[in-house]
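You will see chain A twice below: alongside chain B first, and alongside chain C after that.
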Partner chain A sequence: MTGFLILEMRRSLRDLRYLVIAVALPIGLYLLFTGLFGSHGQRAQGLSQPTELMVAMVAYGAMWAVFSATGSRIAHERAIGWTRQLRVTPLSPVAALAGKLTTALAAALPAMVLVALTAVASHDVRLGAVQWLAMLAAMWAGVLPLALLGLAIGYLAGDEIAFPLTMALYFALGALGGLWMPPSVMPHAMQDIGQALPSNAVAELGWRIAGGQASVPKAVLVLAAWTVGSGLVALLAYRRRNTLSVH
Partner chain B sequence: MYSPDSRAADPLAGRSRDGGMTVTATSNPTEPSLPRTDALIRLDDVTKRYDGDAAAAVHGVGMQIAPGESVAVMGPSGSGKSTLLNMIAGLDRPTSGTVTVAGERIDRLSETGLARFRRRQVGMIFQFFNLLDDMTVTDNVLLPAQLAGLPTAKARARADELLTALRIEPHRNAYPARLSGGQRQRVAIARALVNRPALLLADEPTGALDTATGQEIGELLAGLNASGQTLIVVTHNPDLADRYAARVIEIVDGRVASDAATGARR
Partner chain C sequence: MPAAPPEPETAQQASQDRPAVRAVGLAKSYGSTVALVGLDLHVAAGETVALLGPNGAGKSTTIGVLLGLLSPDAGQVQVYGRPPSQAVAGGLVGAMLQDAGLMPGVRVGELLAMVRGLYPQPLPFGDLVGLADLGSLLGRRADRLSGGQAQRVRFAAAIAGDPLLLVLDEPTAAMDVQARQNFWRQIHGFAGRGRTVLFATHYLHEVDDAADRVVVIAAGRKIADGPPAAIKAEFGDRQVRFTLVQGSRARLAALKGVRDVEHDHARVTLHSTDTDATVRSLVRSGLAWSGLEVGGGDLEASFLRLLGEGS
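And now, the complex of A and B:
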């Protein structure tokens, strides 16, 4: 299992799409948005503009990191026969699935930390040590349903469709989830939709913790619901592709 | 019964001085007559029925394969030959009947037990090589050893040995996309052998190759078998079966239609 995790992490860190979309793009967007919208305004939850945008881009980068390690990669591996080959190796199917999920979550960490470091270096964003840890840990745990959604796409979609589908989902979740612009400036209907999305819930966790507000029950409920839903779909999709038939 | 010692035969033992595989002719092709008492693989009345399919993919098949045999499984598309191979590899379970490999009933093993079984006993190659295109040749070959928990130094030594024996050592740092079909299949064979499996299973190994390269791979597989590697090849290619296997089992409509020795390597 350890060997598989090391292998998958190596592959993630060498994946150009991951480096560009999960790491470089959120950092670039952070610098662009703070440059365009100014650095000193107050935003929702009483956060400064750079802090609010940092949280949004941490969520954005983490989202693609887990998608890139699951959706289109798994669909491609199925297409080239690697998933089939993996079944002939000593790795059990359950371990392979757990390894994919663990790798996806691990791939989110560099993307998240690098955006935070950029915010600190470029705009002197300051949080307490406990706040930093709590914010990053909560947001990291919060991307679990997105990783499960990526697994579901990987086991359901074909190779050609998986990447555009994941990209479309990524942009939709980013825009509707309030990661590109504050949810408060969106129409009410879109706000309602946005609040039910896991992308918004992940950012909401971060915004509230960064703003010193401990209570985040709605976001936790949204994420829990998405975890159950995505997890079930991912499990069914995986079983459809991989399960041994039984007596 | 099968003796664990009999799987210790190292296919690299037949390596020639120049690092190529020797293809040793045998004057004693294995007779297919039953019963065998030293079977490495034993199938008893095996039936496989997929959900929703009225007809069984494999129906009442019984066979035994001894250590060191080279067997070609032939038959038309959809005849059940790949299903048969998958059941021997522990990738699929029979609906009824028993599958015993190396003295172990694999049809009733758990997923973890099957993973352990595959680590010890099975190497498998496929028609389309199934190599990871974002990893080098060496890394592809090393993968099963790493997944089996082999120490890195030992795994690398074994991979080096195989890359040299299969004459792909000059390409060790290349990515699969830069290799020819034959070279890619050699990499896949090296990967299949890295954990020293008792069984090498090949599902249409020449199906994606031109005739000359297919013959080259056929000779390579025959050389491995001559060195002691038990080999089962599923193929549509009668030439591959006749020239490089000692026994041909023909499957039609999920049943064994014939089981006969060939004049291979005579």
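And now, the complex of A and C:
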């Protein structure tokens, strides 16, 4: 099990799609947006532009990191029969599933930390040590429902559509979730939708903590609901694929 | 989470005391399609057994049941005295499945090291590399191999845990002649360590390359069980065809290996259990012939003939 987990993680970190979309793209977008919008405006939660955008891009990178380690990768492994080969080894199906989830969450961390380091290095973003830890920890925990969503796609979707589907979801959750532009500039109806999305809720946790607000926000409830919902779908999809059958 | 449940006994003890496979009365249907009808299968520890049958005979279903991937509708199956899923979880079984692939995005060496780590008593890495002839492939990406190379790595993954029972579902389906010979040499190498091997095939000629015993199944039931030579004699309907230019047709039935003679005007078809012997004795017979063809070995045709005789 440990060897399986280590190899899965090593493989995730070497994945070009992961490196480009989960790590390079959020860093690039961060530098682009801070350049376009300037470094001095006030944004959500009274945060400075560079801090607000940092949180948004931490959420954005983390989201693709968990998607890249689940959705299309699992669908592909099912299609080429690797999942089947693993089933005739002593690795239990439950351990394999737990390994996938752990790997996805682990893949999020480097993507998050590298965006934060970019913000510190390029725009001198400053938070207290406890604030940094709390922000990264809360946002890391917050990607759990997104990882479960990725698992659900991996066990439901076919090999051809899993990647475009995950990609579309990633862009939609990014745009509607207010990661590209502040939710406040969007129409009210879209703001309401946005606030119910896990992408926005992850960023909201980060914005609140970076802004020094300790109250338990609605975002926690949104994430809890998504965790239950996507967790159930993932479990049902997984069980459907692993009931005894020839294919 | 533990990689394997605790082993109450060593693998060696398990192999001495119990048959490798003991399946009784297996039945399985997919909707209205009947795959197995009361199949019995016994494999003693250390035996190499071929499961021979035409496409759709129930070979893959049988293997799926033995590996715990499928649950039978009726019947019992034990692998080294345990339910199949427990035998797999305990690392007693390795398998090379027809539609199984390799982990993408990793090197062959990394992949095999990981698979070894899943088993309680894996093969030493050097032995594994030697048995599967992998030396040059270890640094290659597992998802960028040719068909033959991937097959070698899949074989290596199947034996990495040094399983007591190795199960192979039509392992040579995509191989050329040379690759097949190499493959069966590797299987001999593994079986020679006292391991049990069960393989499914629809190539009749493979059974005497590899098997101690052949179990023939058709339409979901066992129709024959015996040593390869006997099975080949019974099922190996190969034909020698030629045009008889001069000589007595009556002498044809006396040629070596001939079980049946057909004529279409001067064109003769000899059904033979051993086409090499038939051709040699034809050459020596003094008969004048032309347009020689050797063909068949077609199991499907044999089964059709056999099922036709049975009804």
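One rule holds for everything that comes next: the second predicted complex is superposed on the first by the 241 of 247 C-alpha atoms of A that agree within 3 Å, B and C clash if a C-alpha of one lies under 4 Å from a C-alpha of the other, contacts with A are read in each partner's own complex, and residues count from 1 in each chain.
Note that contacts are C-beta pairs under 8 Å (C-beta built on N, C-alpha and C of every residue); 3 or more make two chains touch, one makes a residue touch a chain.
Quick caveat, the model's predicted, so the values are computed rather than measured.
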**OP:** Return fit or clash for chain B versus chain C, each positioned on chain A through the superposition.
**Re:** clash
Original post:
Should A:L91 be classified as contacting the first partner (chain B), the second (chain C), both, or neither?
Top reply: both
**OP:** Using the superposition on chain A described above, determine whether A:S184 touches chain B (first), chain C (second), both, or neither.
**Re:** neither
Original post:
Touching A:F4, do we find chain B (first), chain C (second), both, or neither?
Top reply: both
Original post:
Does chain B (first) or chain C (second) touch A:W82, or do both, or does neither?
Top reply: both
Original post:
Taking 115-123, 241-249, 259-267 or 277-285 from chain C, which overlaps chain B after aligning chain A?
Top reply: 115-123
Subject >> Contacts on chain A seen with chain B and repeated with chain C across the two complexes >> reply: 3-4, 6-7, 11, 14-15, 77, 80-82, 84-85, 87-92, 94-95, 244-247
Subject >> Sites on chain A touched by chain C in the complex >> reply: 1-4, 6-7, 10-11, 14-15, 73, 76-77, 80-82, 84-85, 87-92, 94-95, 98, 244-247
Original post:
Along chain A, where are the residues that touch chain B in the complex?
Top reply: 3-4, 6-7, 11, 14-15, 77, 80-82, 84-85, 87-95, 244-247
Original post:
Can you list the residues on chain B that touch chain A in the complex?
Top reply: 48, 50-51, 89, 91-96, 111-112, 114-116, 118-119, 122-124, 126, 128-135, 143-144, 146-149, 195
**OP:** Under the touch definition given earlier, write down the residues of chain C that touch chain A in their complex.
**Re:** 1-4, 30, 60-61, 64, 67, 69-71, 88-91, 93-95, 97, 99-106, 110-111, 113-115, 117-120, 154, 157, 161, 167
